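Shared between the two complexes below is chain A, which has chain B as its partner in the first and chain C in the second.
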Partner chain A sequence: MLSLAITLCIVTGTMTFALAGQAPPAEYQVKAAFVYNFLTFVEWPSRTLNEADSLRVCIAGEFPDAAAFDELNGQELMGRKLTVRRMKSVENAQGCHVLFIGSSEGGRLSRLVESLKGSGTLTIGDTTGFAQRGVVINLYIDQKKVRFEINAEAARRAGLIISSKLLKLAGVVYGLAPAGN
Partner chain B sequence: MINAIIKRLPSGVEDKLGTNPCRGPFRGLVIIVLAGVAFSICAAGAMADVAVSRSSTLTRLTLEELMNIEVETVYSASKHEQKVTEAPSSVSIITSDDIRKYGYRTLADALKSVRGFYVTDDRNYSYLGVRGFGRPGDYNTRVLLMVDGHAINDNIYDSAAIGTEFNLDVDLIDRIEISRGPSSSLYGSNAFFGIINIVTRNGRELDGAELSADAGSLGTARGRLSYGKTSAKGVGYLVSGTVYDRKGGNLYFPEFDPSNPGADQRAADNGVAAGADGDRSMSAYAKLSFPEVILSGGYISRRKGIPTASYGTVFNTDDTYTMDVHGYLDVKFDHDIDSRSNILARLSYDEYWYYGDYLFDAATPPAPESLYFNKDVVYGRWFAGELKFSHTVFSGDKITLGAVFKDNLAQNQINYNASPYEEFLHDRRKSLVWALYGQDEVTFFDRAILNAGVRYDHYETFGGTVNPRIGVIYKPVDKTAFKFLFGRAFRAPNSYELYYNDGGLSSKVNPDLKPETIDSYEAVFEQYIGTHLRGNVSVYRQNIHNLISLQTDPMDGLLVFRNVNEINARGIEFEMEASSPGGSRGVVSYAVQKAEDSQTHEILTNSPQHLAKFNLSIPLMREKVLAGLEEQYMSRRRTIAGNYAPAFSVMNLTVSVQKIYNGFDVSFSIYNLFDRSYGDPASEEHVQDRIEQDGRNFRLKISYIF
Partner chain C sequence: MRLSQNMPLKQRLILISLVTTGIAMLFAGIMLSAAEVASFRNSLVSDLSVKADIIGNQCTAALLFNVRQDAEEILGALRADEHVEYAAVYSGNGALFATYQGKGSEVLFSQAPPRSDSHHFDFNHLHLFHQISQHGKRVGMVSIRSDLRGLYAVLLRYIIVVGIVIVLSLLVAYVIVTRMQTAITDPLADLVHLMQRISRDKDFSMRASVAGWDELASLADGFNEMLSNIQERDQLLETHRRHLENTVADLQRSTEELQEANKKLKALDRLKSDFISIVSHELRTPLTSIKAFIELILMKPHMPQERKIKLMNTINTESDRLGRLITDLLDLSKIEAGKMNWRMGKVSIDDIVRTSLAGIQPLAQNKGLHMTVNVEPSLPRIFGDKDRLVQVMANILSNAIKFTNNGGAVHITARREPAPQPQIIVEISDTGMGIPAEDIELIFDKFQRSGDLLTSSIEGTGLGLSIAREIVEYHGGALWATSTHGEGSTFTFTLPFEESDEEQAHPLPKSSRNGGSSERHHR
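Moving on, here comes the complex of A and B:
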């Protein structure tokens, strides 16, 4: 009986101790904050984004915690309002300035990237391999911290200009044009 | 792995463990159930608390500040979640984090924590039991084990190595993906109860060198050196080598204690086998990856002393041992032809050696002059290839077509006595297996997936076999999934079952063996609640036909393998996983199953009817220290002699600290914390009814990353 008592004490004791402790922020809340921050380092082509326009952020696919992105809705960024729309799949993603693509859309990714050429859409993902497959910014976790990789070639094809400050902070940059271009 | 007729010890040996259900193992079951309930209440309550909107404060931080925040990665790779809910089977995943947290030393340790799985050990190999099926003496032939898609099961015994004879150091594992249910429709033979795929870590993740050393009870020591990197162009490499040595303790076997009235005639040395349980191995692994091509290779050589005096060998000698050596090379090419099509091609080459040295004494009572060795020398060599093409039709229909071949260049089995030399078996075979498979995955209205596949395998020994599988996955709402699965799988008779014999002295061959088949029906319900709670329930029924068993032919008294049994198994499994905002994570599972012979209605030997498991990891001291606690309960199991190995539960505790100083990680584990005494049912070659397992033992592990 003693080991039963000890075990239950250890289990419930440490659990309440742990639960009372400081909670680290949820993964998707931090990722949403990253997305918000990225927007200040990206320039959209003027034909797709006028002075008065609101910045349309689309979240496409299935996420464990898509509601975290809803927090961005209505926030202000450099004088523009952000509107956030969530959708089941990328099939209906039209007219978005920012498109966050979930891993569930991996199968449709290549087709999507093709169709978005020159459209001025900043594509963002958080699935391994998305940057190499043409998504402009891809988030990943390294030792519990959020990092990101950038596909500069994909940004060029979409007609976006990425600030060198963002490029410097990126973990990996693909498709950087050789100096002198 | 030799046939020798063994006299069974009369069951006069005392059962030391008692049968009072209110003590011992039943207590463990109570602990698990109560802990699980307590944990889920806490987690659910905590979940309700954490609706605090933190986004507004987070968005005010700069990128540099955000990059310093540590996140709780409940579903860090959402592709894993996708994998679990959309796979046409019940999937469990064990991550490298779990391996570290719970101090898993081998793949077997990790598999012991899996819902519905159990591992038995005869101090020679580790045997995996799935859903109530794990007959003593069966080598792990009914599970397909792969490393990055490369099959590990050898071509003589078809055995999946899960103990210290497994190719890979567990530190090199990124995750273990376990997919339950018959999968012959994709993988062919051995994918009978399911498949286990080990995904290895990448050079990018290592980013430099890693040195790891551990020391533990019973003279255990292991050392590993790994190095890996990935360049900006996407070229990565990883190289690693491990050496392992375990002296083993002194083991007492009452069956070999001369002072015991019913002791075996080979009894000696007060029944103590000293230094006969040694285990040592050397393994290496290397991987070179380019964007579309991955080359990998592994090697293991492992020598295990046998202390149980199995097969009638001399008691208390370290001269009886088995040695398993397996080396392989694999090259995989994975190319996206266009946005909708992909082609995968793989070529691999494997070599496998098995050596068994068995020390016998011709005289009774034993005398040094009459000692002689009987030896097994087994060699297998095979070259395999696969071509897989998948295409997604515009409507979302994904079609996969594949062709596979396996050319068994050598399947040799030799058995002989040394001095005086006398050969009993010298069998050399070659064979070719080829297969074609196809699978169609159709998504309906974003809510349902129909996955249907079939594979045709052709074997030179018995001809062809067709195995289908159909799965329907229905997700009425985002976080709920219902799965209905039906599949058929087969296991081809292996070289050992077909051809091993000792020239008619005690056994003979049966080249007419047919494959075993299994029909399985399963219904699964999976539910994610918020981001912190996940539960699932599975109900299944499996019928196994033509099970291959070793029998004695009444006509000539010789041992022979025959397709003789019909088994039916049914069960229900429950699992719940919860995580708290504080960083704690726990999993509780309970499986109840009944696996019986269809004709005699007898429950199988070594088949527990209840399995309960509990894993809990808790960050302590501002998350620098992590405690991993696990408890595993197994109900009683029938032995070959008709006795019972009593129910038991075992608790393991690991405390680990990451980056304690510079690049050092330290962990300390106590296995079998309460020093429970328990034994696993022995098999035909043992005189013992049960083989007692280790009591409390420790391990200290230090890693340095530079």
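Moving on, here comes the complex of A and C:
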């Protein structure tokens, strides 16, 4: 676990918000940074994200270190403010631009995915198999490094456009139908 | 640049044109090359900037999600550009993230990148740094190093092109200038040629041909005007020179005349003093003997009678001689002073000859001389003083008799010569001792006798021939002598007459000769 922390230290060096002066970043601090970085490679449909809106980031479910996400609150991204909201469950996740789903919500995932169709919500998870089940981006650990996988079909259904750069970096991409489908 | 003083104008013009063209072309070439190099550098920078921007943009995700392999893949795209030797991506905190190394390049970048976009050239490379940002946030840096082979290739190409252009320009300029310089050098050469011809021939009437209104034409104009001025001046000088020559010649002539007159005057003066001293001597000689004889008689009153008579006779002779001398002197001075009392009238030559012969005959008979007279018949009478002309004849005859030895002959002829001037020529020849050639004119001088006779005992005043010549010349004739020394002398004198006198000579009887043409005048 120590070596992971060292690797993360290098990774967070590329992050644009300051973590300086704190203890070596924990796993969720890296994940929070990943979330922030994801936002720069995703385009929301304009009907769900007005010019003046702040970008609402919802953290739903149980996490070992949910407080790490609080760091994102108030950060600026492309002239918008981030507002981070924590919720027990995904039940009332309507109106979130970004929804980080904890593994505790696995049972309600299918319904949730169905309900968010076309809602313009970027769903992110960190549980094995979530991507296959319709979450747009799913984080995982590979060789002590945080990696991610993308369900392109889910992003399309949600009305989101994901930068090809991000797709290129993804460990696995699901649902990339052949052209013409 | 210094042009050689000895270089012909033609070459100077060509040299100036070529140097000007060469410098202009070289300058233009350098400026164009510099501009081209600058432009190429700019395009190199912007080209590399674009590449860096693309790469940086491609690398944002790799940087943000820490995927080094992806960044290296992206950098690998630079392989398409052979000039890129090295490239690197740095993370946001300046740490080296990914590198690319081109073929044959081994130098590694180790320095920390600057915090902003920049580039710099060194001798062989262009170093470019480009910031990578994602949505306005700096996420890293791209650094690319490119070689400058392209730039040097362009520069080399430009130098070659400029060199070719300069050489071609110089060739074209040379051809054009060689053709066009004749417009300047030909008129000048013409002028120079003309000047040389004028200097050689001294012919200032030549003129340069003037064509056009440019400076060369002005030069030719000026030259022509100068020639005109020189010509005018020459003519003026020539006129002055002739005038001066004439003046000088006049002056010389008058000087010569004056000198001649002066010489004559001096000679005359000397003659006069000589004359006076000679006259004094001549007068003194008889006077001395007269006085000596008289003193002898007075000292010896009892000398025999016949001796006394002999002395008295001598005194008488000397007195006569003195008287004749004085008479001759008086005659001569009268003639020379123009105060002689001439008794002019019609005179017959025959008459003159006979009268003079009558007076001289006894002398000739004494010496046993053979006298012949040959006077051409019907000679016209002349206008003159008979007594004086008789005196001339007598003088010459007495001389002839005097200087002819016993048994000799004296011959007198008188004849007429109608041309060129009608005149009567009288010749008196003797068979005497003759006169040396150097004395032939001397005998006509006063108190002169021929050479070795000067001291002889032959009597004579020495004035006879002088007086004779004066008289003949008064009558418009001439008197001269010719002689062969030792064989005899011939004295000739001429007396002019007019044809009209001849007509009257025949019909008129001898008695009426004084009534005829006494109104005629000689001289």
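Keep in mind that, in the parts below, the second predicted complex is superposed on the first by the 154 of 181 C-alpha atoms of A that agree within 3 Å, B and C clash if a C-alpha of one lies under 4 Å from a C-alpha of the other, contacts with A are read in each partner's own complex, and residues count from 1 in each chain.
Please note the rule applied: a contact is a pair of C-beta atoms (placed from the backbone, for glycine too) under 8 Å apart; a residue touches a chain by one contact, two chains touch by 3 or more.
These figures come from a predicted structure and were not determined experimentally.
**Q** Name the contact category of A:110: first (chain B only), second (chain C only), both, or neither.
**A** First partner only, chain B.
**Q** In the superposed arrangement, does A:163 touch chain B (first), chain C (second), both or neither?
**A** After superposition on chain A, A:163 lies in contact with chain C alone.
**Q** Thinking of the overlay built on chain A, is A:93 touched by chain B (first), by chain C (second), by both, or by neither?
**A** neither
**Q** Given the touch rule stated above, what does A:131 touch, chain B (first), chain C (second), both, or neither?
**A** Neither partner.
**Q** Quick one: chain B or chain C, who's touching more of chain A?
**A** B
**Q** Please work out whether A:84 is in contact with chain B alone, chain C alone, both, or neither, and reply first, second, both or neither.
**A** In the superposition, A:84 touches no partner, neither chain B nor chain C.
**Q** Where does A:65 make contact in the superposed view: on chain B (first), on chain C (second), on both, or on neither?
**A** first
**Q** Give one of first, second, both or neither to describe whether A:154 is in contact with chain B, with chain C, with both, or with none.
**A** In the superposition, A:154 contacts neither chain B nor chain C.
**Q** For A:55 in the superposed arrangement: first (chain B), second (chain C), both or neither?
**A** Neither chain B nor chain C is touched by A:55.
**Q** Let me check the overlay on chain A: which residues of chain A are in contact with chain B and also with chain C?
**A** Residues 10-11, 14-16, 34, 37, 145, 166, 169, which sit in both footprints.
**Q** With touch defined as at the start, can you tell me which chain A residues reach chain C in the complex?
**A** 10-11, 13-16, 34, 37, 40-41, 77-78, 145, 148, 163, 165-166, 168-169
**Q** For chain C, which residues count as touching chain A in their complex?
**A** Residues in contact with chain A: 58, 60-67, 70, 91-93, 95, 134-140.
**Q** Which bits of chain A are touching chain B when the two form their complex?
**A** Against chain B, the touching part of chain A is residues 1, 3-4, 7-8, 10-12, 14-27, 29-30, 32-34, 36-37, 62-65, 68, 71-72, 75, 88-89, 102-104, 106-107, 109-111, 113-114, 126-128, 132, 141, 144-147, 166, 169, 172.
**Q** Residues of chain B touching chain A in their complex?
**A** These residues of chain B touch chain A: 27, 30-31, 34-35, 38-39, 42, 46, 50, 53-56, 58-59, 61-64, 66-79, 81-82, 232, 234, 291, 336, 338-340, 392, 396, 398, 446, 478, 528, 531, 580-584, 616, 618-620, 622-623, 627, 629, 631, 651, 674.
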